[in-house]
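Below is one structure. I have some questions about it.
Read from first to last, the chains carry the letters A, B, C and D; within each, the first residue is number 1.
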Amino acid sequence: MPDMSAAPAVPSGESARRAAHAPRGFLRKQVFSLDHKVIGKQYLDLALAAVVTGMVLSWLMRFHLGFPDTAIPGLEKLAPNAAAGGIMTPELYLSLMTMHGTLMVFFVLTTAPFAGFGNFVLPLQIGAEDMAFPRFNMMSFWVTFVAFLVLIAAFFVPQGPPLSGWTAYAPLSAIGKDAGPGQGTGQTLWVISIALFCVGQLLGSLNFIATTLDLRTRGMTFSRLPFSTWAWFITAVMALIAFSVLLPACVLLLLDRVAGTSFFIPAGLVASDRLQPHAGGSPLLWQHLFWFFGHPEVYIAILPGFGIISQILPVFARKPLLGPRVFVACLIAIAFLSYTVWGHHMFLSGMNPVSATLFSVPTLIITIPATIVTLLWIGTVYGARLRFTTAALFCLGFISVFVTGGISGFFLAQPSIDTYLHGTYFVVGHFHFVMGVAAMFGIFAGAYFWFPKMYGRMLDERLGKLHFVLTLIGVYCIFMPMHWLGLAGNVRRYSAFTDEYMQGSLPLHRFITIAALFTGAAQLIFFFNLIWSRWRGSPAPANPWQATTLEWSVSSPPPPDNFGRAGAPPVSHGPDEYGVAGPGGDYVMQAAPPQPATA
Amino acid sequence: MAILKLAQPPSPARTGVWIGIAAVTMSFAAYTSALVVRQAAAPDWQHFRLPPILYLNTLVLLASSGTLVRARQSILRDPAGRIASTPQAVTWLAATLGLGILFIAGQVIAWRDLASQGLFLSTNPSSSFFYVFTGLHAIHLLGGVLAAGYLLGRLRRSPGWTNSGALEATSLYWHFMDLLWLYLLILLSLVF
Amino acid sequence: MGKLFAAIVVVVTLVSTAVFLSHAWWMPADISVLGVGIDRQMTETMISSGVLFVISQLVLAAFVWRYSERGDGRPIRIFPGGAAPMVVGATLLVGAEIAVLSLVGSKVWGGIFLSRPDPHALQVDVQAEQFAFYFRYPGRDGRFGTAHPELVDDASENFFGLDPANDTTARDDIVSASLVIPVNRPVLLSLHAKDVGHSFYVPALRIQQDFVPGLVIPIHFTATKITKQEIVCTQLCGLGHYNMRAFMEVMPEKQFEQWLEEQAPQ
Amino acid sequence: MARKFVFSLPILVLAGAATIGLAHPAKHAGTISGHVTFTGTPPKMKPIDMAKEPSCAKQHSTPLLNESVVTGPNNALGNVVIYVSAGDQGGAAATQPVRYDQKGCEYIPHVAVMDVGQPLEIYNNDQTSHNIHPLAKVNPEWNKSQPPGAPPIKTAYAKPEFIAVKCNVHPWMHGYFAVLKTPHHAVSGQDGSYTLEGLPPGKYTLTAWHERFGTQTQDVTVGEKAATADFVMKATPY
């Protein structure tokens, strides 16, 4: 492996040093900063804003499903048109659902674990002064931020936000206002927002890849790369491919909407009594393009979680991760396989039934590396000396919810069962566990773990543990019953359940609603903890967790140029040397001199 | 990425361009597959003669790659891989820039040619894809033109030794735009 | 704290498993010929993955309970055999499960979607639109009139865009808002959408199939019980999605013929 | 003065006057009355299959017939809008709201006539959610759901237009908003008869509009005694 210590010698690198050493004024320091640490925090704050919005939307939806006839206090003020008398109209429900999905999948599950933590931690973990292209990095955030504003703007256009779901299936998303309220301006804003988001994430992943390849400090070989950095690197490669396919899809959809082309709209459609002036397009083309992005996107959301867990679990188990090489191999396998399974979202879409069976095989095979990873974590817990910090608890919770969500995938991966469960709450339960809750647990673990490094103060552990217990119980109460609803044939994306055969599931819906509001309230503890500890928390030492990776060898928070003029120290140890006799105790820092033999 | 490993000191700029190339390739692959699916989806594909000026534009773009090669040859290098500008280099680079702009102008003429035949973006799937492909290539090339302009400015202002990253990156990207165009031309002449 | 976590996981696991086993919420009784295979597949998957679920959750809980840090300087212990048993175990166990499930499953799937419809099957043309299903029977001449999108006119209930003025085959077509079919006779539906994507879902039939605008998608089945079922839409189609449904009435052959007679336009 | 009179007429409105025309009598003015009939064979109106919405279906002992062509004995043609299209000295637009009901998944009235700017109130009397989608071209188009128990939708139209109204949730539900510049308008009953009142003496052009059979006009002179104007629409079977 060639010597990779070369500090960035390109203009961008120099400007980075300039920016890092002499940040001029608040604007350059905090707003339009080139510092990866600031940008990482900005991404996390954006995700926070998005997650709060998305969660409030889900409360409104759940409340409506649980108590359909009860007026929601204040809702009429928020949406005088769509909620006269506080009773939610179906289109309002669907637009809340669309915005909830879009906000959560794109602006929370992609930005927080990947762009947020990745930006802040990755350069520190590999001993770099900054990302390879700080200007692109800043652009990446601000483009994403604009995308967020454009999406939110959909709330304020006359006919309201789109109601075609986060998958925006054509032609519902393509033919415009005749498809229903929100399908006019609202849907156009949605497409523009997602296209911008793609650009932002492409710039981001480009940075992640180049940085990991070129800016690792001396001795930071790939075999010594921390697992979280591995995950972010692999995720970046996935994101680069996935978003370069979603962007064209959005461009074509936008043209169908505003330029009168017919990429996704077939001939002879009559919507709202109007013959649509399009011909020859293929709705399945949109589904293929979208899911070719969409399925990898699921792993873009969860792989950073894998990395974060594998990084944090050893710290608090005080022992190395079981089978590090196997773990990385599994990540790569998952990343590769995730591009061969998109068709399993389309089993019932009328595509060739043979291809359905073909798609189901890799879908089932991808569970093998996922299972191996899970077993590695459980095996890491075996014989450990667990320290139950909040971060550790969220890691353990992650394992539990990921197992639960992963196993329900067995059902949906089989076309013959999917033909019964496809459109039901079983799917909702499945993907909320596996990519929603699991990814969120990864984010929480990362937040409790890296907050001290970010703000130089500790999060309150008592509040943290309370938050964890309530959340763990809460998510099981919300999402486990959804599997039962699905088995009973309860259809998803319904704003009300008028069908006789679904009446039996109404009590269960009410239970879920109560659990959801309860769990939502529990998150307020977390938000309070974040805000309170940011200024009032107990000061954090450089290495509060006795961890080994490079970010813990610098002060909390790190100086603007991370490792000072000298650059990062050479690395001569693996990322997880715990349970060994080291200078500081039962661990050896990566940057420690090579002498001590690992036990 | 193997090429990168061989290159001693790692240049993030060059790595970045390679990654960018991967992304652009991927997205044009997506557009291509969209074209294939769409063409098969309905029998409404309308064949039309490509505007002849495209072939002239192609020559212009190829020439621009040639001048860029000459520009790189006429630049001074020191053992550390740093570069210093020379008058010829500046001239050749300026020529490259001019040819790039000429190409885009030629594309505009091609679009107007089609429009005069009543072939607009929404007229037919074939014309839609024609405008999408050529338009997106033009936009990407515009990026290359901006980079070349920035590089030209630097070479003219600072005659001293500077690192080669920007030059390497720009020329890599420029040649890729050239290849991409050749691919598009073949694709278009096959399906239209 | 570790013990609390372990306790929560155990309780959650046992309660969930109990509810699954109790069938308190379960698929409605199957009324189709092909449903049997799907139900068997569902049960097998439920058992095999249920076992995985319970074991892995309980093992996790047990480890967390057992291996919390104590005062003693007890050294850490590496899992016997390292990662190898995990890899081998997962690959063999899951691999075997996958092999079985996909072999059996693809048979079941093929039985539904790859099998040829019975040549004497009752043919019904199904149109999904915002937000209703309409069902068209060929009428006495046994031939469907041609549908012309430009003639679609809901106001005068010409939902399919038929042209009775010029198209004689269209005049006797029967259009109904309910799917009425004879029991124990193969039925061949051809699904097409009028505006956006929809889906045809009858839980008791174990059948769900999307309507894709621009495509005509055939789906066939045989209902084995005399019953009235709800047909619901499971593909997000707009504001009325939740209320997009129709009824499927399965009746004796005789009664069905009689119904057809009553519907025939004079 | 007409306005004062209007205020003294809420009783009439509450009585559910089928047409706004009745709400505009002015003293010492003439009336135009007549019959609308058809020639040719009108389409046979099919019974509406409401199986999808049992809560509505059970409100109709006999299936509701499609209302796009309503005929009566001796070729009488109903639901024809007759209004003064020229010669109108104008008059204040009515201020009392036009009521448009959704009951048993049917629009009542099938054709609601209103003045430009006159308030329109749309009620949902059903146990199911409707969406009102007036397919306006001149006026702004909107599309809004009205869940059961939701308050009435209150709106008004600024420009004259015949607007088709549909409910996407119940595809058979179709009606019309006739937004007119004149306060002098009427809708023919099932017997084909109509009456325009409160017209000062003078020459007028009347226009009759039917959603399927198009429009016809004729000139009428109103003197001291009532004038009559009959219309004959050409019906086609399909």
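By our rule, contacts are C-beta pairs under 8 Å (C-beta built on N, C-alpha and C of every residue); 3 or more make two chains touch, one makes a residue touch a chain.
These numbers come from a predicted model, not from an experiment.
Q: What chain is the most remote from subunit D, judged by the mean position of CA atoms in each chain?
A: Chain centre farthest from subunit D's centre: B.
Q: Just to be sure I understand: the centre of a chain is the mean of its C-alpha atoms, right? Then which chain's centre is nearest the mean of all of them?
A: A
Q: Just curious, how far off is subunit B from subunit A if you go by their C-alpha centres, in Å?
A: Using C-alpha averages as centres, the distance is 34 Å.
Q: As a quick test, compute the distance in whole Å between the mean CA positions of subunit A and subunit C.
A: Inter-chain centre distance comes to 30 Å.
Q: Using CA atom averages as chain centres, what separation in Å is found between subunit C and subunit D?
A: About 45 Å separates the centre of subunit C from that of subunit D.
Q: Indicate the whole-number Å distance between the mean C-alpha point of subunit A and the mean C-alpha point of subunit D.
A: So the centroids are 55 Å from each other.
Q: Quick one: which residues in subunit A touch 2 or more of the other chains?
A: 89-91, 180-181, 266-267, 272-273, 281-282, 284, 496, 498
Q: On subunit B, where are the residues touching two or more other chains?
A: Expected reply: 41-42.
Q: Check each residue of subunit C and list the ones that touch at least two other chains.
A: Where subunit C meets two or more other chains at a single residue, that happens at 129-130, 154-155, 214, 238-240, 243, 245.
Q: Would you tell me which residues of subunit B are touching subunit A in their complex?
A: Interface residues on the subunit B side: 1, 4-5, 8-13, 15-16, 19-20, 22-24, 26-27, 30-31, 34, 37-38, 41-42, 44, 121-122, 125, 128, 132, 136, 163, 165-166.
Q: Which subunit A residues qualify as touching subunit D in the complex?
A: 69, 81-82, 84-85, 87-91, 158-159, 177, 180-181, 272-274, 496, 498
Q: So in the complex, the part of subunit C that touches subunit D is made up of which residues?
A: So the residues of subunit C in touch with subunit D come to 129-133, 154-157, 159, 163-165, 176-178, 238-240, 243-247.
Q: For the complex, which residues does subunit A have touching subunit B?
A: Touch residues, subunit A against subunit B: 2, 4, 6, 8-13, 132-133, 136, 202, 205-206, 209-211, 213-215, 240-241, 244-245, 247-249, 251-252, 255, 259-263, 266-267, 279-282, 284-285, 288-289, 292.
Q: Where on subunit D does subunit A make contact in their complex?
A: Against subunit A, the touching part of subunit D is residues 128-129, 131, 133, 135, 141-147, 149-151, 153, 164, 166, 168.
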